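What follows is a structure written as structure tokens; I'll ask about it next.
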Amino acid sequence: MINLMRTLWPINRSLSGEGNRQTLTILSEFIGENLEISRIPSGSEVFDWTIPKEWNVNEAYVIRPDGIKILNFHQNNLHLVGYSDSVDKIVSLNELQDHLFSLPNQPDAVPYVTSYYRNGWGFCISEKDRLGLPEGDYRVVIRTTKKDGFLELAEFLIPGECKDREIIFSTYICHPSLANNELSGPVLCAALIRELKSLYSKSKPHYSVRFLFLPETIGAIAYINKNLELLRHRTIAGFVVTCVGDDRSWSFVPSRLGNTLADRVARRSLAHLGIRYKEYPWLERGSDERQFCSPGVDLPFCSIMRSKYGTYPEYHTSMDRIDTVVTESGLNESFSFYLKLIEECQNLVIPELQTICEPQMSKRNLYPTTSIKDGWIDTRNNMNVLSFCDGKTELEEIAKLSHLDAKVVQNILHRLQSYGLVDF
Amino acid sequence: MINLMRTLWPINRSLSGEGNRQTLTILSEFIGENLEISRIPSGSEVFDWTIPKEWNVNEAYVIRPDGIKILNFHQNNLHLVGYSDSVDKIVSLNELQDHLFSLPNQPDAVPYVTSYYRNGWGFCISEKDRLGLPEGDYRVVIRTTKKDGFLELAEFLIPGECKDREIIFSTYICHPSLANNELSGPVLCAALIRELKSLYSKSKPHYSVRFLFLPETIGAIAYINKNLELLRHRTIAGFVVTCVGDDRSWSFVPSRLGNTLADRVARRSLAHLGIRYKEYPWLERGSDERQFCSPGVDLPFCSIMRSKYGTYPEYHTSMDRIDTVVTESGLNESFSFYLKLIEECQNLVIPELQTICEPQMSKRNLYPTTSIKDGWIDTRNNMNVLSFCDGKTELEEIAKLSHLDAKVVQNILHRLQSYGLVDF
Amino acid sequence: MINLMRTLWPINRSLSGEGNRQTLTILSEFIGENLEISRIPSGSEVFDWTIPKEWNVNEAYVIRPDGIKILNFHQNNLHLVGYSDSVDKIVSLNELQDHLFSLPNQPDAVPYVTSYYRNGWGFCISEKDRLGLPEGDYRVVIRTTKKDGFLELAEFLIPGECKDREIIFSTYICHPSLANNELSGPVLCAALIRELKSLYSKSKPHYSVRFLFLPETIGAIAYINKNLELLRHRTIAGFVVTCVGDDRSWSFVPSRLGNTLADRVARRSLAHLGIRYKEYPWLERGSDERQFCSPGVDLPFCSIMRSKYGTYPEYHTSMDRIDTVVTESGLNESFSFYLKLIEECQNLVIPELQTICEPQMSKRNLYPTTSIKDGWIDTRNNMNVLSFCDGKTELEEIAKLSHLDAKVVQNILHRLQSYGLVDF
């Protein structure tokens, strides 16, 4: 994963453009199979939004009065404000200052700034460099294009036995050279796909697993716009994958409703691995759960992160880098957790008794045929589990109600299923 | 208000009759516009009840053996038991005693007694006077009429922009010379109407406000009988206005269900004004919430009083007077509270997001177009509020969920509404 | 009851057969009226089950190598494993051992063993006797028949005024010479029927009371199979009557849902008699509530026992005897409790107001016609109770809500009912 991240690092990603396409190509190569890509033309309306024009950058830099070239986009794509328009002119330091963004409290950091939906231009600079700018005339050169093009929505499906039941992982591909937020999500998802492809090369998983690589916000909105009914019909649980590359902490943002199947399985997976995490309130959400959980959509989506966006000092600055923020161990731990989460999702069962009254266990050799005093205590667990198979209660909840370990209940249910006594 | 009360004071009010009509006329004059009056003929059936005959009093008094005229209705209408039949005869003190009502524990007070639904006659007298009655023959004179007539139901509507959504205030006009219970309710309602007419002379309020002046119980039942479907359809919140004239305490009787919108807005209004009040249980209700909240009706009605009926010593006696019980400050404080309550009701909003997913805030300049690190934190409140606009949650509840002051949420919602993003 | 139990004691009961018919005949004689019997033919399918062939025993015993006859069915029907096939052969001690059942931890007790749904044969023996068996050849003689016949379901109805509302008591008649589990249930039910017949000889109870005498499990399943819609429609509360003959403790197993009307009335009856009892979780159920409460059936059934099956040492052994386990005082106490429970069930009322708004109490002399200050406080309880008669709330809950004793509420409701104001 860390190597994939290094490969993706220099590419300029945004809502749209060549960098995004390049990123999706590299991800496809890593996965060993093409991502499925939908292209939404610029100008398309998706709910309240309009797909913006496609933005591409040829070059961008500033020449100081002393001839030194600074803020070179090709050295660090964070220097150029996202969706800046073309410009080539001489400006005074004063005029230039109006177009510069820096962070006084973090003098060494270049901030990450975008201006997707307004014309203009700007550069991002460290506060330290900004203070060192001499008076005089500066030449500003930005060669970008904004033209009708496409917004790319990429997805990858691991088909399951239950075609109409999906677990969804959604991550975003619109951030340029920023490591934890957000190269960690796409990299982790790509690694998960590669792992699942191998894991399920011979036999399908129970539920389908769908991975979404979208530009944040506009991409999620466009995807929901195109797929709302299917999402409603198919989604068992969904997870927004972001900020999963550092190794400093674990964070959880629940769904708007707070107790969906996604929330429960996420909390259980964290608990089963003994992970201590901070649970944030819905009010402090900030990624695509904003769309997936919005009123009228209300899909079961939550988000499990390492250090949450907005809470760590390097967030949205040039300091959010590989090695210093994102670590190999951080990515690996996240990978292990997400594999566990997928396993837990695959284990989700909501069994339903296929007869009325207790089934006759003995005719299936599921019950001691000779009833001796303590004999039937052995099959009590079977019968207890059966007594909760009302088609409304999930295995984990049945386990709680039956005072049994979930693994035990799972074994029981699979056995009962093989006899046609329950279905799930 | 205190002057209006003094004008209304001497009039003999009951379930029906000239006194009630006179009262409604004086109230109309005070308001400066006619109350709308429905007349239900005697003998009409309203649910389990029959509208009684109309009762009018010409005179009523007793002549003592020594020729002294006592218990003169024209001096104090409380002396005559309500709905007494005509009589003119000589009776012994003994026989007279069977028709006298007094309060041994309050020897100076004349009690308030009615006998609406049974024939007979009676006088109310202070215990002190009763003990001083000499032996001998008394002449009893009561000249009343009970004949087919009408029960008057009066109402006044302040029309709102939302025609089909009403806030209702119901008070009763069937008590003779009793101040707090019950001239305070009609007087306060009349003053509120005058104030609201002026307040909304140029622009309508959001919700309609309807005032009901009814004879207690039978009037409320008749009104519900005639208007049940409309009441169900239109009522946002209703309040029974009674015992609002003294300045000794505040009291609250919740609805039968206990947590209707009326209950919530009443509690909030009391809290916002820092009013300390006693909350009584539903079991200690006693006015027309008995009808508005009865099973099968279940309208959102509660009652906010000063000293609750039945709890203060002067209640239902000649001691319930202007100046000693009802005070100008008491009425004025109640007036202020009810204005505040109406304001809170008018502020009730149940917003619903008008799009799917988050709307695009930036195209409406509702969002920083340049996304810098901390930029979007400024609009977080907007987005949090929006995330709860599911058409099922009222503003105040949204405020709680968003950890924001209601005023802040209100401002946000009005702004969002002006952009067509939410409707309420 | 203890004499009836002694009469029934020696009879060999099982799922079916002559012993069951004999038992039902004796019960009918005791009751003084025939139980109503449904016969389900062998081979009939009832949900997941098939009605087994009818089993009858002529004789069964073993001849030791020294000629001594042991394990004689006619001396103790527990010696023969239930539903054993016929056999007449000489076997070695070794081979015999494979067909013997004993309890090493209870060396004096003969266990109770059945093998309803598998062919084969076996004997039950005390561990002490088993250890004393000499080497050598044993003659095993079992003469039984398994042929097409019937499963008998017996019931008895005490018709109530409300034909379509029933209280159900279900007990089982498939255990041979075992006292507490299970002759106590059928004996208690028969005694209850006799008592209720006398109690209601002149006037019907409010609700019908139905008693079911079924073979456990298969009988309950067959009964539900034949009567599911009626059960759903009619059952107010049901109780599984088992282990009601000892005087050592009280036990309660709730329904699967845990808070049905049956659970509430059972808990209240126990509380009203000051009975201390152990409440077991649903997980430790074990009788026909397994069927009555199964998913998709979900009838309001619970079970009130003395020492619960499986928890006392004599359970399902030859030690579960009259006098040592079942006592006259135990049966009598259970009888008293169940009579109380029936009384509580008969007292169940779910009243519904028959008008809209408060009814006019005064025209029915239910209200002081002369309203004096404190007068109406006397009828406040009436009005409070009325205010909760929404057709969804039972008397006991209304009592709680009204802060009144249930007896008081009952009196009020009966009075209101006599005036047609409420119905229940």
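Labels for the chains are A, B and C, by order of writing; each one numbers its residues from 1.
Everything below uses one rule, namely that a contact is a pair of C-beta atoms (placed from the backbone, for glycine too) under 8 Å apart; a residue touches a chain by one contact, two chains touch by 3 or more.
Computed from a predicted model, the values in this text were never measured in an experiment.
For the copy pair chain B and chain C, the superposing rotation over Cα atoms measures out at 120 degrees to the nearest 5.
Look at the contact of chain A with chain B and you find different residues on each copy: under half of the numbers used there are shared.
Note: centroid distance chain A to chain B, computed from Cα atoms, is 57 Å. Residue positions of chain C in touch with at least two other chains are not found. Against chain A, in their complex, chain B makes its touches with residues 352-353, 355-360, 362-363, 369-373, 377, 380, 383-384, 387-391, 402-403, 421.
If you check the complex, the residues on chain A that touch chain B are 47-50, 81-82, 101, 103, 111-118, 122, 217, 220-221, 224-225, 228, 256, 282-283, 290-291, 293-297, 310, 315-317.
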